[in-house]
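Please find the structures below.
What follows is chain A paired twice: with chain B in the first complex and chain C in the second.
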Partner chain A sequence: MGDTMAVYGRLLAARIRGQWQYRTSFFVYLAAQFTITLLDFLVLLVIFTHVPRFAGWSLWEVALLYGLAGVSFRLADLVVSQVEYLPRHLLAGSFDRMLVRPLGALVQLSAEEFELRRVGTLAEALLVLGLAIAHVPVHWTWARVAVLVSSALSGAVIFACIWILGAAFTFLVVDGREFINAFTYGGNFLSQYPLQIYGTALRIILGIVVPIGFAAFFPVLYILGKPDPVTGVAVIRFLSPAVAAAMALLTRAAWRGAIRHHRSTGS
Partner chain B sequence: MGGLRLYLEVARRGFRRFATYRAATVAGVSTNTVFGFVRAYILIALYHLRPHLGGLDLRQVVTYTFVTQGYLMPMALFGWTEIEERVRTGDIIGDLYRPVDFQGYWLALDVGRAAYQFLARGVPPVLVAALFFSLRLPTPGEWALVVVSSALGLAVSFGLRYLVNLTSFWLLDARGLSQMLVICEMFLGGIMIPITVFPHGLEAASRVLPFASVAYLPVEFFLGRHTGSDALATLGIQALWAVVLLGAGRIALGAVMRKLVVQGG
Partner chain C sequence: MSPVVEVTGVTKAFTVARRRGRLRRRFEQVVAVDDVSFTLAEGEMVGYIGPNGAGKSTTIKMLTGILVPSAGRVRVAGLDPSRQRVEVARRIGVVFGQRTQLWWDLPLRDSFELLRHFYRVPAPRHAANLDTFSQLLDMGPFLDTPVRQLSLGQRMRGEITAALLHDPAIVYLDEPTIGLDVVSKSQVREFLASMNRQRGTTVLLTTHDLADIERLCRRVMIIDRGRVIHDGPLADIVARYGQQRTLVVDLAEPRPPLEVEGATTVAVDGPRQWLAFDGSAVSASALVAAVAAAAPLVDLSIEEPGIEDVVRRIYTEHP
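After this line comes the complex of A and B, so read on.
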């Protein structure tokens, strides 16, 4: 484990040094990525020019949800979303090369396709979260801070698992990459608004079965002291770390199974 | 040279090139549709609080979300840097050698691509949505306006993308600029939220900027928002932008040809 992290660190450092050579290009991308993600927040602001509360939530309450979900998602995006490139490696045959190296394929994918410019989107989420924390009328107890931090981390694990499960799926359907986007990017988009606004099917499938509600919505209910309009089960607000752990176990099994059954294209 | 026939053949190739990837199309359609549902519910929640906001009713606004989802791929609203890539790799020299108008060739290819994506990526999200929601569909007369407005929208979309791609002859890397175009098209172009719910100044500005001409104005035709002289004026704005942008593209290519030096090979 220690060795793996050391090698991962060196690979990342090399990759970052490479990207740092094209500084103008890097900053243009960074600004573009920051702005593209900020558009979702602009839409939220436009909505709040017409209503004082949305689904019973104030602007900064929704912003807290948006920011927290965003931080989780963007952490996973920075470290794990690189598995999206798996189909390309499968088709080119370069995935086989990863399998014979003495380092996990996931670690290699994450390092090889790492894009430092994605910190631009993380910065946007942190900015909105920071503004929301400054504006929501919440009395910040240690318990609330603990739920906030554990929610960000659990959410990151949940989104990371969805990405890896999606990659495991593309072993079977090499062209299926865009299908996964419905759960990753679509999941992030859905998690920016209170879960009760969605139709029952969407709420259950994307909110609870694919447990995106646990990435931010349920913990935020606790932080804001709101009743749960979706499940009505009080304990659900604290289950995010447990859900994340269960997802991680499931994902580990699925990824290992996928690798075991993988047959190279031979190219 | 067989003028029109040549361009038709190029367009046909553009169509077939994208028609090859069936599984990818199904995957993409599902994702566009899921996003449509999420967007629809957000706007439904807003319209429950503020019915008739911006002059749209609930049915129109739900229709708006799925139709805009349908326009994403045909209008290449996630960006398009195909010419830029060929400039970066040097492959562009092959395109410039061809005994065919450079802009006309790429436009024909893009028309073929868009035609395929209208059928494969544009129609399905709206059909799926029709199973779950009551949609506001155009009358036969409105369909004609939708088709004309969409064709003009594609010309504007291509005009913008072509100009951005040509900057790569100077900048080498036009991907940043391409992302800036995506930002303008997505937000000021009324894809993320109808521009009728923007604050008034922003709405007025967005209506005259070229970005709304790409997909938002065609979608307004779809919703039956333009009739009579208003319809003509709206098509006029689109046509004006199409002419201005395609003309600017021709001038820009002339400037490129005067300075172009291709290295290696």
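After this line comes the complex of A and C, so read on.
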């Protein structure tokens, strides 16, 4: 494991060195992504100039949710989302090269397609989260800080798992990328707003089937001391790490199964 | 000599969907490799040849652990590639001639350094290997050039180095000389021969360039439609299938095609004529005497069958 991480670190460093040769394009993309995602937040500001509260939430409460979900999603986007290029490697045969090297294919794939420029959107989410933390009327106890940090990381794991499950799925259906994006980008979008604004069916899907509610919404209820309008179960606010761990195990099994399938069918 | 590679009764079948009409599909079994068995001893260099689609790549994919056999048993360095892929990967080197395994934007030297960490090669060993390889392959001038700027010949030398730097027990080379000029080709061949001689590296070589085989391999396996149809010394193949020799004669003046018993005149170009004959039935000296009796001779030579002709005959004789 330690060995794997060391090689992973070197692969990332090499990838960044390679990309650094195109730094103008790097900075342009970085700035563009930062600005475009900031527009998302500006839309939120505009909404709140017309309504004082949104489903009972104030501007900075929604911003906290938006920022926390954004940090989770964009961490996963930075570290893992590139596994969605798997079909390209399968078609070009370069996935074979990963299989003849003594390292896990997932580690190689995510390191090889790593894009440092995605930190632009992560920076925007961190900025919004920081502003929200400064403005929400919350007494920051250690417990609240712990829930905030663990929620950011658990959320990142949950989003990462959705991407990897999607990649595992493309072993079976090579052009399934659009389908997967509905869950990743779509999930991120839905996770930025209070869950109670959605209908029952969507709530169930976001809470249980694709557990994006755990990426930010339930922990934020605890941080803001709000009642749970969806489940009413108090403990659910602390379950994000457990949900993330369960998803990680499920994803690991699915990925291994997909690799096994690929190696026996060759397609 | 213990075998490095043992393949016993290995079959690989794929299920492919064939379209039948607009919506209906029928699934068919396609057998890519059919009950193949062979062993490679330590230090052997074996040519693995066959037409496109014969099952060469599928075999190599099973040896490297990329594919799992449908039936049969594969052992590489005593390990099962289908279950111990990563462990097997440490002991093998692979060159896929048409695809790179180097980092496109990095200097060659940096690619090698990354691979050193993949394979956990100690730094002194790596430095010594790189030094030797870069001398043998004359890579000094472009070690610090980004891979994307290398010529094909330079890149291929880099690929082969990348596959051998971690001292693998066996290397699989798929078309290592494809697209190279004559000088690069011979450099690559000399390098492989010396690795094999000095380090005892076992080599399985797939190629369409039969000069690679002639230069490097004493043993040749021929696969056609998933079955190994020949496995033996290169000399045996030539002896068995390569009986067709050609006598080339320069006559004193142009003449109509000669008619000599035991030979067929296959071509005429001015005073020069080509006579094909079966080496096992007619001796060359008897034929020369017969020709000299029929027409005044100025010069003559005998063309031995090239391995290319031999392989063409083998493919056509195994329908």
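The rule is simple: the second predicted complex is superposed on the first by the 261 of 267 C-alpha atoms of A that agree within 3 Å, B and C clash if a C-alpha of one lies under 4 Å from a C-alpha of the other, contacts with A are read in each partner's own complex, and residues count from 1 in each chain.
The rule we apply is simple: a contact is a pair of C-beta atoms (placed from the backbone, for glycine too) under 8 Å apart; a residue touches a chain by one contact, two chains touch by 3 or more.
These figures come from a predicted structure and were not determined experimentally.
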Specify the outcome, clash or fit, for chain B and chain C once both structures are aligned onto chain A. fit
Of the two partner chains, chain B (first) and chain C (second), which one does A:137 touch, if any: first, second, both, or neither? neither
Mind working out whether A:29 is in touch with chain B, chain C, both or neither, as first, second, both or neither? first
Touched partner set for A:47, first chain B, second chain C, both or neither: first
Counting touched residues of chain A, say whether chain B or chain C comes out ahead. B
I'd like to know which partner A:181 touches here: chain B for first, chain C for second, both or neither. first
Given the touch rule stated above, what does A:193 touch, chain B (first), chain C (second), both, or neither? first
Figure out whether A:2 sits in contact with chain B (first) or chain C (second), or with both, or with neither. neither
Once both complexes sit on top of each other, what is the least C-alpha distance from chain B to chain C, rounded to whole angstrom? 13
Residue by residue on chain A, keep only those touching chain B in one complex and chain C in the other, then list them. none
Within the complex, which stretch of chain A touches chain C? 3, 6-7, 10-11, 14, 17-19, 21, 92-94, 96-97, 99-104, 260, 263-267
Interface with chain B, chain A side, in the complex: residues 22, 25, 28-29, 31-33, 35-36, 39-40, 42-43, 46-47, 49-51, 54-55, 173-179, 181-182, 185-186, 189-190, 193, 197-199, 202, 206
Across the complex, what residues on chain B touch chain A? 21-24, 26-28, 30-31, 34-35, 37-38, 41-42, 44-46, 49-50, 53, 132, 173, 175-177, 179-180, 182-183, 186-187, 192-193, 197-199
For chain C, which residues are in contact with chain A within the complex? 12, 14-15, 58, 61, 64-68, 70, 82, 85-87, 89-90, 92, 94, 96, 99, 101, 103-106, 110, 114, 117-120, 146
